[in-house]
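In the two assemblies presented below, subunit A is common to both, partnered first by subunit B and then by subunit C.
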Partner chain A sequence: MSLPATRSPELKTNPSHMKFEKLRGTFGYSLTILSVFIILLAVISIYIFVFSKGLSTFFVDKLHLWDFLSGTEWNPTRSEEAGGPVFGVFAFIYGSFVVTFLAAAIAAPIGIGSAIFMTEIAPKWGRKLLQPVVELLVGIPSVVYGFTGLTLLVPFIREHIGGLGFSLLAGVIVLSIMILPTITSISVDTLLTVSPEIKAGSYALGATRWQTIWRLIMRASAPGFVTAVIFGMARAFGEALAVQMVIGNSKRMPTSLLDPGSTITSVITMNMGNTVPGTLENNVLWSLALILLLMSTVFIFAVRLIGQRGRLMS
Partner chain B sequence: MNAKIADRIATAVFVLIALLLVFILVGLVGYLMWRGLPHISWHFLTSPPAFSEAGGGIGPQLFNSIYVLFLTMLLTVPIGVGGGIFLAEYAGDGWLTRFLRSAIEVLSSLPSIVVGLFGLLVFVQYTGWGYTILGGALALMLFNLPLMVRTSEEAIRSVPRDQKEASLALGVSHWRTITSVLLPSALPGIVTGAILTAGRAFGEAAALMFTAGMSSSRVDFTDWNPFSPLSPLNPMRSGETLAVNIWKVSSEGLVPDAREIAAGASALLVIVVLVFNLLARFLSRWLYKKMTASSS
Partner chain C sequence: MAELKEARDAARYHIAPEGKTVLNVRRLNLFYGKKQALFGVDLDVYKGEVLALIGPSGCGKSTFLRTLNRLNDLIDGVRIEGEVLWHGENIYGEGQDLIEIRKRIGMVFQRPNPFPLSIYDNIAYGPRIHGIKDRKRLDEIVERSLTQAALWDEVKDRLHASALGLSGGQQQRLVIARVLAVEPEIVLMDEPTSALDPISTSRIEELIGMLKKRYTIVIVTHNMQQAARISDRTAFFLNGYLIEVAPTPVLFQTPQKKETEDYITGRFG
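Entry: the complex of A and B
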């Protein structure tokens, strides 16, 4: 093939066309900047608004931070003779932490175990079968988990284990199922990064599959598993409706797993719609929201820290 | 052989755990269908809720859910894809980009109720709109943007470098390369991301109860002028969605058949999520085939 002797006139660069293309480029670039700006603005204003509302309990209404955090009595309607309304939220913070940790303790072995099944025991059909299962479990809305807990779990606990049925235990079980797919899918991602050479080396040395899993794969994936569990805990800590529907919403300090209780999210869900903006009771709910925001930030930074340490180690 | 026995036991335990996971999903979906499907009928899907007697439906809530979802996607997809383009094509490696990535990560892990409370403060109280469908859609947009940005960025990044370089080498401008080379190739990934986002938005309740409200205002389904106050299309009316309705009738339902309504609505929600999931799978596969076939 021979090249044409002269360039066709259409291929000549047309200055006005070039200018138009450049303008389009600048316009497009500005649009992407605008998108990013909206996201940044949203995140920054969420922090500013929740902080300013949440802190006004202590700076405007002069509630003592320690009384607020450590008090176990919640009574917004206590009469002035008895000392006025009290807002101690320790029982709710305690409830949130108890259900989060117990749910993670139940879901972690099952989630990590399923992930190992999907990647090490049956990498072909096991993954094909369980991947959609995990994706569907993620997709089921939290109110549906709450409804199932309310109509299946709560009566079961009432009839076979004891108590009212509405209990911390019901919240723990519902949450553990909700965070199971989160833990499983992040663990699978971690396990897929373990290099096949290490595994092949282990098998070549005569190790059984369990020895290989226990001594090599589990150890190499440990930071990833911790990340998976923290993400699960973050989800459990912030979940509102499913927990609120089964936990019983008692304002008292729970003394057993079968007692009804409250979490930070359940108290906000129950009361935010019934209080007047600007009142002390409303501001207290914003302080609870601030605790939620801070905890979710802590979870994120914990994940980051582990990610950085993992990178240093490898 | 001790090690061999331990290996057998371990394998059995892993198989049991995997079976448990399958059992949980099958049990959950089976239970919801068994409880809910008998209550789903044309009457249930289209008639308005009753106030004190049995036999009410979920018509307005179903409409509100679809409308909120539509508005949410209308806002989320362009902004999310724009953010994805920025991160994949323009962003450098400076502190601003790192800050932006952290911000997106933080936003993606915020509890949905916190997003809902922010929406209550900004879109309900400060704007003076009250509970509105638009406010709900804006809150859901914030909640869904990180997922949309992330999937778009990944989809754009996964386009082979050669294609981009070939286009640039031909003298095509960067922006035109993005719109006519990168975005079409990234379309399957972006569509999958959008459908998964939609599935999440459809089932979300905590971010909506304080923004779109917990009551469905009276609507006239013959009036389709979006500016008319009784029109179902008016975005400035309060609109309780299906997921919020499940929560409301389960926890404070006054009608005698509250449980049945919640069961029917839950089953419907799960079916919609299943359909979205399957749709995402097939559509992305189909688009991918179409794209790769036409480009070869």
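Entry: the complex of A and C
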């Protein structure tokens, strides 16, 4: 498409070339506008679609929102005598939150710790060695994490800790490994923005390296760390496949970490193939999808908010 | 005139009145890897003076300044020969307390480098790392340091606001206050006004005039007028060599070396 730059002196004065350039500018402009438009359209359609499907559970099928959210019994095939199908999803919401928060609680210190190691403690070989490892971990497909968890982790838990092995705990561990690279790489980026001048200022006051790391670099990077953890949590909250492979997919309310359970995502992937569109059972899955959509919206807004406050600081 | 001659002799032969020098630099060589940046520098710093370091870009002024608080230690591959005696003891000698050295020989950088913390926490940073926890004492130190740096009145109502919201000139005074908070004896300044506007610059110069009553100041400056305005003595560096050091009026009026004369008359640099 593009003409060699070296020829442009003569061509620039050529009116037909000018016209062509102008046209090309207009074309490029339209193309970018079109791309933006497509993205917006896709996002808006997804929101409209999920909202209309997800809300019809309550407006068309007249399920009570509160019963749906707080109910702990899930039985789509309960007989009419027993009161008909019942859809309480509290156990799944609970499962999602427990698994997400615990995974973040495990991955955050490890991720931030290795980020500090890579940038502050051994910036030369630490980064050379760990950066590729982190990138590798990001690239591994979730089915591989799930499969490995299923083959190694589940039997390990069964034999050495207790229970069936399929459990919230297995989900937590698999997820924490999956979100570790996300947290690490965002933390590394944050740490790299702390300027050498600021560090020199700390050393020049007589601070040791540890004091500089703890009292200055960590504090200056705190908003970035929070962002990193929220991104990790967003990933954990939305992950379906790997979790579904190790969590046991029990519909009952788990009472311990060793109990099997379900998450919002795992319920959707487990059931979507078995329901007929338009039925209550199918709509309920859309309501769960709506919860996921709302949660990821919350995560994004949280990240934006923190980003803004971080910018105000610097 | 006699006074002038005496001062010149004192400077030329590094004769300091007994007990009046705080730093004696002896035969200092510095290498960045294989590249030598300082060549056999001999220089004394007198107690309570403002010593200006001038010279063309790249002549080693900053490098020299950083040898005085061992900040070059942070740079990989730096090798230093010779001695920097601080009250008679070589700071590069064995068993020297690096923390004490940096605490008592403070440094202000070319670009204001406030920490991304509140104004209060910036000032309290130094005292805190040196073990002061008591809130009352920290409050006192913050107020005293900011007052000494002529910033207190401007910031006393927003001590807990971010330091990054201050203007460049205010930030530089904040950084000076942060150094004063750890009670240094010597304050090193590397072109502290080169990133500032003229009004902020003159405020910093005024401040330096006030600070010399309590502190010894070594200041790098690109600006010969500034050296003339604020310093007691001036040292001229060229290509890693200390060419000449003399009381400031002497150096500017009757330089002894041709290189110095060329530089101050603007023939190069």
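What we mean here is this: the second predicted complex is superposed on the first by the 292 of 314 C-alpha atoms of A that agree within 3 Å, B and C clash if a C-alpha of one lies under 4 Å from a C-alpha of the other, contacts with A are read in each partner's own complex, and residues count from 1 in each chain.
As a working rule, a contact is a pair of C-beta atoms (placed from the backbone, for glycine too) under 8 Å apart; a residue touches a chain by one contact, two chains touch by 3 or more.
Here the structure is a predicted model, which means the values were calculated and not measured.
Could you look at A:A200 and tell me whether it touches subunit B, subunit C, both or neither (first, second, both, neither)?
Touch partner of A:A200: subunit C, not subunit B.
Return first, second, both or neither, reflecting whether A:T208 touches subunit B, subunit C, both chains, or no partner chain.
A:T208 sits against subunit B and subunit C alike.
Using the touch definition from the top, say if A:V276 reaches subunit B (first), subunit C (second), both or neither.
Neither partner.
Which partner does A:A82 contact after superposing on A: first (subunit B), second (subunit C), both, neither?
Neither partner.
Let me test your reading of the model: by the given contact rule, A:R219 touches which partner, first (subunit B), second (subunit C), both or neither?
Second partner only.
Per the definitions at the top, what is the overlap between the subunit A residues touching subunit B and those touching subunit C?
Shared contact residues on subunit A: 208, 211.
Which residues of subunit B touch subunit A in the complex?
My answer: residues 3-4, 6-7, 9-11, 13-15, 17-18, 20-22, 24-25, 28-29, 31-32, 35, 78-83, 85-87, 89-90, 99-100, 102-107, 109-115, 117-118, 120-122, 125, 142, 145-146, 149, 171, 173-176, 178-179, 196, 199-200, 202-206, 209-210, 214, 243-244, 246-247, 250-251, 259, 262-263, 266, 269-270, 273-274, 276-277.
Which stretch or stretches of subunit A touch subunit B in the complex?
13, 21-22, 24-25, 27-29, 31-36, 38-40, 42-46, 49-50, 53, 109-110, 113-114, 116-118, 120-122, 126, 129-130, 132-137, 139-144, 146-148, 150-152, 177, 180, 184, 208-211, 213-214, 231, 234, 237-241, 244-245, 265, 268-269, 272-273, 277, 286, 289, 292-293, 296-297, 299-300
Would you pull the subunit A residues touching subunit C in the complex into a rising list?
For subunit A paired with subunit C, touching residues are 195, 197-198, 200-208, 211, 215-216, 219-220, 312-314.
Flag every residue of subunit C that touches subunit A in the complex, lowest number first.
For this pair, the touching residues of subunit C are 69, 71, 74, 98-103, 106-107, 109, 111, 113, 115-117, 125-126, 128-130, 162, 164, 175, 178-179, 182.
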